[in-house]
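By written order: A, B, C and D. Residues from 1 in each chain.
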Amino acid sequence: MATKKFMYLNRRSSFGTVYAIESLEVVLIAAAFEQDVSLAFMDDGVYQIVEGQNTDGIGMKNFSKTFHALGDYDINKLYVSKESLEERGLSESDLMPLVYEDEDDDWAEKSSVKVVTNEELKAIMSEQDVCLSF
Amino acid sequence: MKFAIQVNEGPYQHQASDTAFQFAKAAIENGHEIMRVFFYHDGVNNASSFTLPPQDDRHVVNNWASLNIKDADGEPELVVCVAAALRRGMLDESEASKNSIEGNNLHPAFRISGLGQLIEAGIQSDRLVVFGD
Amino acid sequence: MLHTVNKSSFERNSLQSCVNIIDDTSVILFIEDGVINAANNSKSSMIADLAAAGRVFALQGDVEARGISSKLADNIKLVDYAGFVDLVVEHGTAVSWV
Amino acid sequence: MAQICGAEVDEEGFLVDLKDWNKDICIQMAKDDEVELTEEHWGVIDFLRDYFEEYQIAPAVRVLTKAIAKKMGKDKGNSKYLYSLFPYGPGKQGCRFAGLPKPTGCI
């Protein structure tokens, strides 16, 4: 099967609507298709991977924990908009430490999260074959 | 050209499924192929055979059915995501009986399947276009 | 690339986010409530340069439905649904700013 | 609705309320399937429960085999081994015994 570049564009926060969790469900399934997968977090989407989410008070599933499994699924390109973080008074240190083990580098643990500027994101997006927006 | 379409919103609440339908219709009329329409999120509600709009309103579900989007074997290529559908009470006969629920509401022009069908559509089509909120 | 925007800038920041990362060869198509961005208003400067370069389109049916045909900003190109299909064919990957 | 050790299960034998899970239920489910639980079964069941607790999802079989290989050794990290323990599949039968949600059949 041909390999295409798939980008998942996440622009909404986690719990106000269903889009974030149903996006993650697609990503987990997509992993089985061995395509080139990357996730972009822009606008309020950056809140999806902020550290310290606790859903005990709202009776909903805390699926933020599931992002930690993405490395096992060989999904390790998570691009976060620097501008979106800054607008919201956030920085990289507010994000969950999401990692993967690099098969080509003696299974060294590496960060899956990369904070990128709009200019960098522009270049990454231009390379995509399919963009799924949530 | 071979198109795939993803519809993320239910009918009547949001214009997305109307726009997606008009797009699909125009594509077919201009000689293109719609290889699959994938209904996700509240978009699964586009497949309800229980839909009864007033007579002076468009019938979104029948509109989709009228496009007659099928594969070479005659299987519907209006595909409803199973996980999203079960969450929202959209069932075909087999899901209903599997879960001991009486009645089912999936319009026969549609079929229920997994999210893999969306990824596959992205791989096999020339263009995938998303319609949503 | 073809970027579709279906939200008014008075309601959401979709257009701003799109404009922030659109590359030099891509075009924008306004659909649904996104056509409000095609009207001449206090936010029109966001797209003035792109429109002047012939890179901003609006879906005619949505423009007419919202009664803004006579109020369009400069250099907006109108397309019907067949024109929408042509834009997707011509510009490759479609990005929806939903 | 059918019950196992007082806990409700659905038509396919999955727990209706995941919080009901305990070892007795697990043992009874295995008995009904004519599977005798060994230390090796418990190794996988504990792993599945820990994984779900940590990540809020049941691992895909491919991810499960990789993780088992890492934790319990290469000879065990393959689907042949997992199917020898759970003849109806580690995803379906293993998750049912472990009190994880029913897979949504999303592929």
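Everything below uses one rule, namely that a residue touches a chain if its C-beta (ideal position, glycine included) is under 8 Å from a C-beta of that chain, and two chains touch if they have at least 3 such contacts.
In this text the structure is predicted, and so the values were computed from the model without any measurement.
The greater number of contacting C-beta pairs, out of the two interfaces A-B and A-D, is seen for A-B. Ranked by separation of Cα centres from chain C, the top chain is D.
The distance from the centre of chain A to the centre of chain D, each centre being the mean of the chain's C-alpha atoms, comes to 28 Å. Centres computed as Cα averages put chain C at a distance of 51 Å from chain D.
Note on chain placement: the centre of chain B and the centre of chain D lie 34 Å apart, centres being C-alpha means.
In chain B, the residues that touch at least two other chains are 8, 83, 114-116, 128, 130, 132-133. Residue numbers of chain D whose C-beta contacts span two or more other chains: 106-107. Counting partner chains per residue, chain A has residues 25, 29, 32, 129-131, 133-134 touching two or more of them. Every pair of chains meeting the touch criterion is listed here: A-B, A-C, A-D, B-C, B-D.
Contacts from chain D toward chain A in the complex involve residues 54-57, 59-60, 62-63, 66-67, 106-107. Residue ranges on chain A touching chain C, taken from their complex, read 9, 11, 42-43, 83, 118, 121-123, 125-126, 128-131, 133-134. Contacts from chain A toward chain D in the complex involve residues 25, 28-29, 31-32, 61-63, 65-66, 68-69, 72-73. Here chain C touches chain A in the complex through residues 1, 13-14, 17, 20-23, 26, 93-98, going by the rule given at the top. Those residues of chain B that touch chain D in the complex are listed here as 81-83, 86, 98-100, 114-116.
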